[in-house]
Every structure is written in C-alpha cells, then in structure tokens.
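The two complexes that follow have chain A in common; it is paired with chain B in the first and with chain C in the second.
Here is the complex of A and B:
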C-alpha cells in the first residue's frame, strides 16, 4: 500500500516535459524589403507601402506593425523598380519589365497578372472609378495606356483614364488637422480647410541625421493615425489624440539592405562587474545549474544564463545605402543602438587585425566612410555598448586602394587601420603613434583593375611590390577570404588507414572567381562563319544536317586560389557553361574551399569543393621512435613550401544557392557544417563528409569505410531536417556568418542581405556538452533525493536485521 | 550444531604477539619437555626408512618431468586463448575487452609468480623449465599485444603520434581586409 501511494504521489513528475524549441534558440526579422517608404496607402486596418526604386510591396497591420504580406513584384532578377497603386480591395503593381499584377489587399494573394509592354518599361499606374467599378490604368511611358478592370483583370479599352501623381494625404478634415514636416520635426497644424492656421504640436520624430522623408495619414477620425518615414528607412506609425502624439510602433525598413555584418561577444556585459565569464569554470557551471533550479520557482527565464556560455552576441549590421549601423541583440531581439554615418560613396566595417583570435578579440569596431574620394571619415565605437570612442576625418589625395585592419596600442580605440591609396600613400587610423607596422613588415594586396592583383610589402615608409597577377581576358566577379576567428584543432587529417594528410593552412589565401569577358572571336557563330566549307545559311539540302551548337565548350568561369603575399596563383580550375545567376560564391574554411555557380546547360547549381594539403605521411611514417621531416616555418615566398596539393570534386545541387557559410566552433573540434542559403529562402546545412573531395568513384576500400567515406554521387540532397530556418522563409540572403560560443558544440549563425534577417543557434555535431533546456531537472532532483532517503532507510533496516540475527 | 566461528570462541593458546608470550618464553620448560622436543626433531627418531640411489634418481626425474609439465602449461592455453581472441572480433565490446585483458594479465601474473609456480620442486635444477615457462608466457603476452594493436588500442601508427606534427610559424604577416572592399 505504501509503495503504491509513493508511486502515485510522484508519478506526475516522471513525465518528460519537452518545450517547443522553435523560436527559443532563433529569431527571424521580416522587413518590408523596400527600404525607406515612399508610397503608402491605408486600406482598412493595413498600410500598403512600397518604394518605386525597389521591387517590394508590403502590407503591415496599422495597430501593431506586424508584417501581413510582402511580395517581390519584379518579374526578372534584374528588375529595379515598380509602380504601385491601390483600390478599395486590391493593390496593383507594374514592374519595369511591363508585368502588371493585382493582389488582394487583405491577404496578398495574386488575383491576376497581365503583360502591358515589352521590357524597359517606365512604370506608371493610376486608378479610375467608373460606374462603381474600379479600373487600373497602366502605362510604360509615352502616351500609350492600358486599362484593366481591377477585380477581374479584363482589358477595358473603352475606359479612358489619366494617371496623375498622387500626393500623400496629410489633411484630416474630421479632426481639422494638417500634417507636414521640416527636417526631422513633424508639425501638426490646426486647419479648417487644409491651410496652416496655427501650429498645434511640434514633435521630434527622428534624429537630426535622419530627417523625415514622407508623412501619410492612415486614419482620419477623432483620433488620427499617421505614418512617418525617414530618409534612412525608419518607419513609425503615430496616433494623435487631443494634440498628444504617441508612437504605436516603429520598424527599421533599411534592415533589408544590410551589406555587411559581424557578431561580437557581449557576454561580459551581463551579470555585473566581477562576474567571471572568460572560461567555463566549475563555479560558473554550478551557479548556472542553481539558477536553472531556482528559475522553476520564479518567472525568470532560464536563458538568463546565456552569458555564461557565450551565447550573448551583438550583431553589428551596416547598410551602405541607408548610411547606418545597427546593433541587434541576439537574445532580446531588439536594436540596442544605431549609429548614423555620413552620406558617402561607400562605407566599410573594420574589425580585427593580423593576430586576432577568439580569446584575444576586443569588441571595438571602426567604420570608414568615403565621401567623394576626397575625404575619409571614421568612427570607432565599442561594439557591445555603442559608446563612441573616437572619430575623425582624413583628407585624401587619391582614391582608397586597400584597408588593412590592425590593432592599436591605444587605450581608447583598440581597432585601427592602415588606409592605402592608389598613389601609394598610407594613412593611419586613429593616429600614427598608436598604429605601427610590425618589424617584419606587413603584406597586403591591391586589386588594380577589374582583372589584376598586386601584392605589396609595407615596412615603415617603404612600399615594395612583391608580385602581381593578371587574369587576362577575365573579370573578377567574386572574392573570398579566410574567416578571421576560425580555430583549427589539428594540423593534419587522419585517414582510414591511419596515415596522415597534412593540411595546407595558409592564412594569406584568397579565392578570386573570374569570368571570361567574351570577345568576338569566342562567339561560336562568328567563328563558324569563317570556316571555308560552310554553306550560306538557308542554302542547304534537306538531307544536310547542320547543327549549330548553342552551348559553348570553352570554360567561362575560373576559380583562382591566390596567395596574397606572393601574388601567385596556387591553383586554378575552370568550368564551362557557368551561368550568371545566381552569382558565384566562395567560402574558405580551414584548408577547404567551397564555391557554387549555376550551370546553364544542366540548369542546376553546382558545388565545387577543393581541399588543400601539403603532403601525406604513411601509416608507419611516424612512430614512437621516429619523427616526420617537417618544416617548422611557412613562407609564401618559398616556392617549395607554398604550392599545395589540391583534391577537388564537383557536386550538383537541386536548388540555386545565393550564399555560402560554414559553422565555427571555439576550438575547432566539432565537425563543421556547410550552410547553403538557397534562392527559395531556405538555409540548409550539409555535412562535410557528404562533400568530401576524397569520396571514391568506385567501390569503397576497407580503410575508406572505416573513415566514413561514401561512394561519390553527384547530387547532394537537400535534407529538410537539416534546414535551420525550418518553416521560416529568409529571402535573398547574400551573406551567412557564423560565430563560436564558449561551448564547443554550439555555433551561432546569422543570415542577412535581403528583406529578412535570420539568427539561429545550431549544433553541427549535436549538443554533446550541453544539457537541453527541456531537461527535466525537477525529476532528476526528486530521484536523487528519493534514492538518498531510500539508502538511509534501508541501511537502518539492514543494521536492525543483523543485530536481531546475531542475538538468535 | 555448534558453529565453527562463534562470537564466544576463545583460543587459549598463547601465540607470538599475544600478551604474555614473551614472559612465557622466559619461564622454565616443564620437566621432560625439552628432551621430548629433541627426540621429536632428530632424524633417528623419525624412523624413516633409507632409500637407494636408484629411487633417488627416479624421484629426481619425476620432479623434472613435473617441472616441464608446469613449464609447458602456458603453451596449451595459448592456442585456446588465441582462438578466443580471433572469435571475439576487432570491435571494442565487453567480450573482446575481457579476452584481451586476460591475455595480457594472465601471462604477466604467471611471469611475476614464476617462483611460486615452481616452489614445490626446488630440489631439482629448474633453469630450463623456468626459461621455457617464461618464453611461452612471453609468446602469450605477444599474442595479446598483437590483438590489442589490431583493435587500435596500442599506439603503433602515425595517427597516434599527431602531437609530433607541430604548427608552422608564419614568416609573413597579413591582415584580412574588409570583405566588401572591391565593388563587385
């Protein structure tokens, strides 16, 4: 009886509790995709926004700003703009390819589409109402217009309509208010007839650096709602009630144009001063377990322990088009701070130096802004907090050729840079006292024109040209460098027969992807015309078979592995039938190079993998009594050492890839996973074993089986459960970055570039050093306590029994 | 039925280390006790029969053959253990680990206890027997070590000495530029 009572009392705690982990370890930020709002219309409870210079139209809920739907309305990948107009229930868009589409305003579903004109359309739209029916008037420039019935898409040539520029509504007759703006200040006027009668309210809508660009009334009643959009892409919806302005919601639309990003560790800012975060120590682990147990009884979230494991990161995101930097907290998912940069030709984010490693990394960042090639403004700030440390400007005499990140001896700003201009001048940031060259000099490289590369040695005031490479007849289209923070666990790989492959670990590598610049001599048709025996076109007999090959057999894409110290091309591989879309990408990880490109013949994406090695040591080459003959130094200028042995393989992918990334870990022990961002908005992981260049073509040998190699198959499967963004769509990703944490098994991934930003925590080798958050700690505590009580009770019972037996 | 080891069992014999043993030794022996002891230990009082030389030789031969039998005993176990090691396979599991560990521990135990093995036969020359015993145990140990090396438990290949491959020092210094410097 006692046993059953005991069991029934504690049975409920035995059930395992599993939390739904989606959304716990990752987040997804969806923007409208069009950047600063230039056109906005209110339809019922939604505001339809767009920007004519972009391809996106979107709808947000007026009350809370949640994204209802978003569409890329351009019909081709090279589309650059569109026009948008709205009816009562429908939204019409016309892109620069002449495709007119109508969408349902509430749910964004496509209702109909039609072709208005041939490409090179300058789109303009208008809406006409006739006999209670709505018609959309579309024009691609000039006087020609097409009129379509809005709900059905039927052509209505009998309807005449004009397209007039629609000004945004700013006057609310019911509330007798008129809105306008000056700089970053919103002005609300009392107005009976649309005139500025008297100023009611002046409100600072944004910072001085980010003036207002657009104001639209969304709702006109006793309570007025308006949308304010700034030049840098901040969108706010405000409510004006009794001359008081409250912000309903705010969105950063320019997050859709992030050009570069970086993850910086902010764990040491959590937990207060004196808290040790540097290494995983037993006291920290015990503290984290205690706070996990106490969090059961409090409302505190268990992820407050994230700072102990290095999970708290700040994503520093820079947009060149919006001239702004954001710092996104990856735990709270809020924007911690933003920094406005001056309007410039380009901006660059600088972080790290020649000897930057994971533990030695500081959190300072440097942003350089090139203003008309005459002035370079720079700002240095602390990445986790946003505190500006130093700023300044340099007058330039010639355009910038290269930026070389270095670390400074300054106590203010630890991030510095050398700026090399085309006239071989060098400028130091912050100042020449704080930034110095290493004694042995600093090697750098400059891409001279579209197809040449020059390497230099900078030592004090000396500039020495070391080498140069010219890709004759080609154009550089993509470039990849090794990751800065990567840890490599071992200098060699172990094969199945216990022999060793020595990795070629050259930190000066770069991959240049070049494409052939076509000349008339390369044209198949032209070369065919110069053949002597060729008959004129059309003058052939029926029996003749004249095949004109549409597909070239000459390579048009080249992957060049270059050493940026010597300027030598260490390895070069060419491919035929490479397509321009998607843009070829490359990424370097350890001694592996991955690259993707589209194949116009097979209509698939191809993934090339190169692995670089110095050489091989046999299984009996190193024993307890012998050592390998191995140089202890590496020099790129030494012809014997610098050339690698390259193993390569080509695979096919079912989906086009827009970006590549590789997971990283703290010590490089966990297996790395290749991340593919596909054009359909998925980010999928591929295990490295699957794309190993050593996969054999024939049958597997025993040693290869032991190593885990599989026979070569061309197609790499995209496995759904390896997709880290599960059912979220991350559109148009062009960069995937990864950062390690203090736990070896965990890696953080950030994907951006398009209208969506996605961040996730992933475990390429499973979480072998981490208890899952769903681990049943109460049950474990209960079982341990129950066992202790049982041991004590049984011990007493046994002693009693022994004593009783002894007396018998 | 009385128990052999009862709580109330008292041994009245005074042995070395007990209280009073030293005092007892210093006391005089009882009358006639010393002469009785001498008589008991003298060979003449044992009344053992004398043996001839042939019998002595036969005895010696028997002892030698017994010693050889002890020396050859490991050889019989080698075959059986070798077969068991072959059947246990090269995967690491409890069975193969057991077999391997017994193949290592048994010959080592035998080698270190070699004198105890032959302690009953000290009157004959045991050099040859001991050498054979040692050799066979070493063969057994060798087979065990070979089995361990096939199971990759011994550092015999290059993969076990990766630490000897050091990191290279880079003679040149570069710094990775910002990725998006080139307008592509």
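Here is the complex of A and C:
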C-alpha cells in the first residue's frame, strides 16, 4: 500500500502540457515559406532569401540553417509576389500592393513602412549608396521611382538612373574562385578575373531530376560559402575549402507547399538515420528488452516505448507544385527519403481500399501523376522504407474522372487503383491480373462540372447510372468524406434517461458545401435600385397596382449531406451572410459532421455541428423479454431507410478557422476532440461535449445533467491550455490529419499546408493507459528499494522483540 | 423583370462607383503598447477582416494599414504571446471624418467606444502550460490511499496500548472472538444464536 501511495503522489496527471514537455511530444518544422530560393543575400551571419512569385521573405543562419525570422510581406490576401533587396543592416521588401517595408536584418523587426503606389504594382527594388548613406529605390513599373532613406524611411530626392537587376554573386576575388552550374552539377572554376580559367571541382549537388536553379556566394574569404537552390526547392549551403566541398546544412523549402499527407505506421521497422529500415528481428528485440531494463534507472525515453506503443509513424507528404514526395520520420524528425515525381498537371496519393479497417492496413502507397491528360504515370512504394515496388504508365484517351483505391492480390505492390475516365473506361493499376474487379460490381461517384454529382455502378463492362444530383445555381466549394480507418466503439449513444440514440453510420456519406453563384436576379444592389418603396399597411388605395419587391437576405451557403451510392441528398441546411474567406471547411467523424464558415454580417466564424441518427429506442425498449424490430443490413438505395434524423446546432468562434480535424483512437473509446486550425496560426482542441447539438436552450433536466450536457451558449471559447502548438505559430494550415496509436488514450496529429508543419502526440481523454514521459523512474526504484530494506529491518526488529518477550 | 441592357448600365455605374471607392481608400493608424504604457516592441501581424488587409507593427509599436476602403472592418492583432482586444472600425467615405471604432476586450465582451488613432493594449499573456504543482504535505493528505495508510499506521501503534489497558476478563473475551473469526461457521452460529436467543436459554439451562 505504501508503494502505491508514493507512486500516486509522484505521478503527474494533467490535461494540458507542462512547460518542460514542450518539444518532447511534438515538433515544428518551419520553412522559409517561399519555396525554391530565387533571391539570396548574405548579411553578416544570416542569409536572406525570397522568391518574387511568393509573399515570403526569410532569414536563415548561415552556419546551421536555423530559421531566424520569416514574414509574409504581402499586404492583402490577393497579393502574389514581391521584390526584396538588402542594405548593410536592413532588408527592404515591396509587395504588389505597393507597400514598401524596411526590416532589421538581424531580428526581422519592422523599422518603417510606406505606400509607394496603388495596388497592381509590378515591384522592383534597388539600393543606392550616396555620401555614405543608403537609399532604397522603389518602382512599380514605368519610369516613376520613389527613394527612401533606408534607416529612417524619410523620402529622399529622386536619384537618376534606372534600377538594374542584381545578379547573384558567383565570383570570389579573394579565393579566386568562380561558381556556376550545369544541370545538377556545381562547377567551381579557378578564376583570376571572373573568367573560367580552369575547372577546379565538379560536384553533384542534387539528383538528375532536380537540377540546380540558383547559386549565390555568401562568404568570400579563404573559405568560401555558397548557397545552392534547386528547382524542386532543396536549399543547401556548402563550404569550399582547398577545393573540397562540404555541406553545412540542407533545407527542403518546398515543404511549404504540401497539398496532401498521410500517416503510416512504421513501429515494426528499426533503423537509424542513414540506414535502411528493416522489420524488427530477434536481435533487435533482445536489444530493446535490455534497453528497457536499463531505462528503469534513468529518465530517458526509450525507443522501445515508441515502437511498442505504435508512436513511430512516417508522414507521407506530397507537394503538387514541387512534384515531390517526402517521408518524414515523426520520431527522428528527419526526412527518411524523398521520391521525385514527373512534372504533371496533378498528382494523387492513393492508400487503402473500400474495405480496409485499421488492423488490416498495409504500408504501400501509390502516386498517380497526370501528364497533359494523355498519360498517367504511377509509382508504388513501401511507405515506411521508401523502397520502390512497382512503377509504370498508362495511356489515356480521355481525362480522369475518378480514382478508386483498392487492395491488390500482388505480392509486390498491395496498393492498387481503378481509374475511371470521362468516357467511362476503366484502367487497373498495377495491372488487371493483380487488381480484380468484384463480381457484384463497384459503386462509385463522379463530381461533375463543379455543381453536380453522378453515382455509378461499375460491373464488368456495364456502367449503370444510379443517381445524380445537380446543385442548380450553386458551385461546390468544399468536399469532405468520412475517414477510412475510424473505429467506432458503440453504434449508439446512451442518453441520461437510459434511452438509446442509434448512430447513423454510413461509410458512403459525403458533405458537399456549395455556395450560391450570383446572377443579376440575386444581385442585391441591383434589386435595391429597382425596389419600389413599400407603403405602410393601409396606406395604399385599392386602385394601386404597385409591385412590391423587398430586398431579402437569401441564403448563400449550403451544407449538403449526400449518399455517394444513391446520389440522394440526405440532409441540406442553408446559411445566410456567409463570407468567402476563410474557405468553408467540413469534417466527418462517426455520425457527426462539423463545418465552419465566416459570417460577413457578424464578422465572426461560425461552427455548425450536425449529428445523424437512425432512430431512438426508449429506456424501456430493450429488456430481457422485448427488443425493437431492426434490420441488420443497410442499403443506401432504400430511400425509406437511408435518411437520417439530424440534430443541428450553430456556434460562434472567436477566431476564423482555416482547417478542421478530429482526433482518432485505436478502438474509438477515448472521447474525440475537435481540432481547429485558426488563421492566426494556432491549433486548438475543443471537447466534443462543448459542441454537442443536444445542448438544451433552456434549463437542464435531470436526465440531461446526468448525461453531462451543458446549457447552450453561442460562443465557444478557445482555451490556451487546449492549444496543442502552444506558443508556436503554424501558419496557413489547410489540412489537419490524425492517426491512432496502439494505446487507446494517445492520438497523433499532423497539421500542414503553409510554411509550417506541426506534429504532436495528444491525449484527448488524458493519458489513462500510459505513464507520462516525465515519470520519475529512479525515484520509484529508490522508493521500492527503501521499502524492501525497511521491511527486512522491521522484520528483524519484530523477531528480536518477540524473542525477548518469550524469554521474559 | 429587369432587362439585360439595364443590368449592363447598372454594372457600368457600379464600376464607376467602385473606382471612386478605391480612390477614397484610407490609411488606418494606431499604436500597440503594454499595460504599463511602454511601446510594444515585438513585430506582430495586424489584420483587417481576418487577413484581407494586413500589416505589421513597427519597433516603436505603431502601425498603419494602407488602402483600406470605406465600410465596416474588424481589426485583430495576431500575437501568440499577448491578448489584444478586437476593434470594429467603420470607415466613412468622407475623407475628413475620423473612423468610428468599437472595442471588444475579449470575445463576447460588451462593446465600448475606442478613440482614433487606435491604441491597443496587450491585456494579458496567454498561459499555454499547466504549472507543475510542487510537492506539499497537504497534497499527500488529500490522497485517500495515504489517509487509509495513515489510519492503519496509527491503529498499528495505538491498538497494543489499548490492549494493555483492558481488564483480564475483557481480554479473554476478545481472544475468544478472534478465535471465532478464524472459523467463519462458528462465527455465523454465534451471530444467529445471538439473534434467536438460544444462547441465553442455554446459559439459563446451565444455571
């Protein structure tokens, strides 16, 4: 008993992070945000980089590549590019909105800013030194220029001459070296005057698929430092000393443009950085057992724990703009491997199948690349190791309409796909021998021409249209599907009065968010100009034939819950005053649907929650002698049964949301937490009970109190304790994905989309099945040893006393 | 029904109005400071309408939002460290008129008028981490396991002293009861006999 008492006294239980845990259960990868470097300047120990076609300027430490600061310099959401130049101590940026800013190069603080021009500026910048004073010259195209004193921002008299493009420095006079490149090869020339005298070194800076785009000298002395940037966004800083080249650091800037991601389990693989990862073997297991024993006496986390509990995941991240896939190890925080894709119109990442569950998941991935709508190249690889299993290409006769993931019978690549084209042809990947078409057919759907949906049955060579839905006068702006591997612990919810709500669990559900496409009939301003003023009631004569048309606020955003087998709209709800920014988002979890949109009238974000149920069974409905009639099968095609009962509620959020996610757990027992990625760079969890559509408007009944429901309040608070990225900023997140671990209480979350990638391990229902990482094992060992010694000593003392008493 | 020619005319009219609205775009100025009045020297992003127009605060805490069209706007300061109030600004087309500003100290707070140029105060620091409670003896006392253990220890020391104070007859009775407890059937028998009174009758018979 004493043992448990001490154990409980020293074991910390918390719902929020402790400060020392920050960075242990999570990591944050911050890129420069601008993708491939096109402009780079060195100032002291920092390299300032940017890309004129992006809005970001950033500074990295030349020695270790750590990000010092980064700014989005565009002054509006419509901004697309900027110009950047540097002085001795300052960095100047001019965006296409005509706003000029000067930043302190060392710490990124804004020194001054000014309006140079109205929007639609083609920005150009230059730095001029006159009489030992630095001036920045800004132009928005044409002959007009503005000149500002760099340190103070004071407007200076115009300086004659035009701004000439600054070419990157590639010649180091001190070391007599000239740098240039050809393809992916860096060439270092001995050069006295900037000419290519003789080739000193040739160095393969990158792979053939990723040629060099930009080379800049950063430091010119006996030891030369240079920055190399490739077309796909890899940035390297190298040191050239005595004609030997060493890489100081490398960064993947194109991680700022991740379009899709997935988490795959790699807990059964071992291997460190630079080694191939193999499945766990007996020697590995014995080694991990030994390290587990020795870890009892230390507070160090053992790798064994990560593998045992399924914490080791590989994040497969794909960037369509960079045509590249990265595999990010979530424990080491390093890139395990990368795969270069061909340049294509689009790429798709395929994983899973229509019938896979959590335990049946394999680690193979398929990437499809559409090249000019004529050819589809594909590659299949093992997700945890990066080993390419199969690759190929198919010629297309018409554009791709739908991709259906399936499992294959192949021993090489277990991930396959059926590709349905617009002319209703089907192609099998890897091949028709390895991917068998089910005899009963396959239901699929095609989203057509932005506002319609068609559902099909594919059986052999026949293509049967099951249903279609057209959102007339609307445009589809967002789609959400239920997660493939979600575990649902119970098919019903128990209410406070012991009655049951049967969850509507339809795996073929989809949420289509549509917005009204405005026409002149809907134009409120136009209607208002032709509005005939309404006279008060009773003021009109009988002979008056005035047309009365009043301006009414019509809904402009629609949430449609659709069955993708039958094509029918199961539920539809509309909202008025919906704003276009941020883009409405939706996510499905179990039988709940969450969606967010901005309200242009209240200037707030709103969170809509729908919970879908098949029906209800009263508290006396299920007894030892009675049970309600029910069917064990469900058909989407049965219109009578397939429509759910929907409970809905609308809440307000203090901050606008750019992405939604929901935590997942192994068996679905832990309470789920809704994750909101807000536009200010925070990712906050909201407990599901707070957004329950059953929250009553009035006073709580006893049964509702028993259930734990709270009275309805419109505003959902965003609590800093629940912010999983605490004081770090994760900008412009557009996707939040979650994966379960082998422990029920732990859930892994990955957020990406903008210049930052964030990964964290969370405990939505507290770590009830896991000792925390900060658990004091040495203290526990000490206490157990002390108790043993105490028991032995007290035992001896008691025996002595008994002997003494007996003698007496 | 509105004819298409009228619609085209109206559209041209709207474009002309819009261009004049662009010409009437204003600059909104303000200042950030800490509660003690010192300038807020951390460059922070300041946005209108959740990012439609954005700027940064300067090293001295001042900021300016350029090219702001007339209308109602919402101003937020994106800071992961400090909480700033939210401001709703009504910008009129009349260039000489100052913007009308309403301040909301926190989401859901009552609105209050704010002066222009804007002055925003860093009201509080966000607390993201749970403070780790240090060891205190009172936390042990709250633990029910510890309380049970403590009572057991106290009884362990106090029971022998209590036994010493008992009379020899009472001590004998306690010994008998403890022997009975070793045999549950005897204990149950004694309990039932106590309830039915058979023990009393037997003792009377003996007498």
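Assume the second predicted complex is superposed on the first by the 703 of 808 C-alpha atoms of A that agree within 3 Å, B and C clash if a C-alpha of one lies under 4 Å from a C-alpha of the other, contacts with A are read in each partner's own complex, and residues count from 1 in each chain.
We adopt the following convention: contacts are C-beta pairs under 8 Å (C-beta built on N, C-alpha and C of every residue); 3 or more make two chains touch, one makes a residue touch a chain.
Predicted, not measured: the structure shown is a model, and the values here were computed from it.
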item	value
Chain B versus chain C as contact partner of A:621, first or second or both or neither	first
Partner chain in contact with A:259 - chain B first, chain C second, else both or neither	first
Partner chain in contact with A:25 - chain B first, chain C second, else both or neither	neither
Contacts of A:68 with chain B and chain C, given as first, second, both or neither	neither
Which superposed partner A:239 touches (first chain B, second chain C, both, neither)	neither
Footprint of chain B on chain A - complex, ascending	259-260, 346, 348-350, 352-354, 402-406, 438, 440-444, 447, 476-479, 481-482, 484, 490-492, 494, 498-500, 502, 505, 507-508, 564-565, 617-624, 627-628, 630-637, 806
In the complex, chain B residues that touch chain A	7, 152, 155-162, 164-184
Touching residues (chain side chain C, partner chain A) in the complex	2, 4, 7, 10, 14, 22, 27, 41, 43, 45, 49-59, 64, 66-67, 72, 74, 76, 78, 80-81, 88, 107-108, 126-130, 132, 135, 139-140, 143, 145-146, 148-149, 152
Parts of chain A lying in touch with chain C, wherever the complex brings them together	1-2, 4-5, 8-9, 12, 14-20, 22, 71-72, 74-77, 97-99, 101, 104, 108-113, 115, 118-119, 520-521, 525-526, 529-530, 581-582, 598, 603, 654-656, 679-682, 715, 717-718, 720-721, 723, 726-729
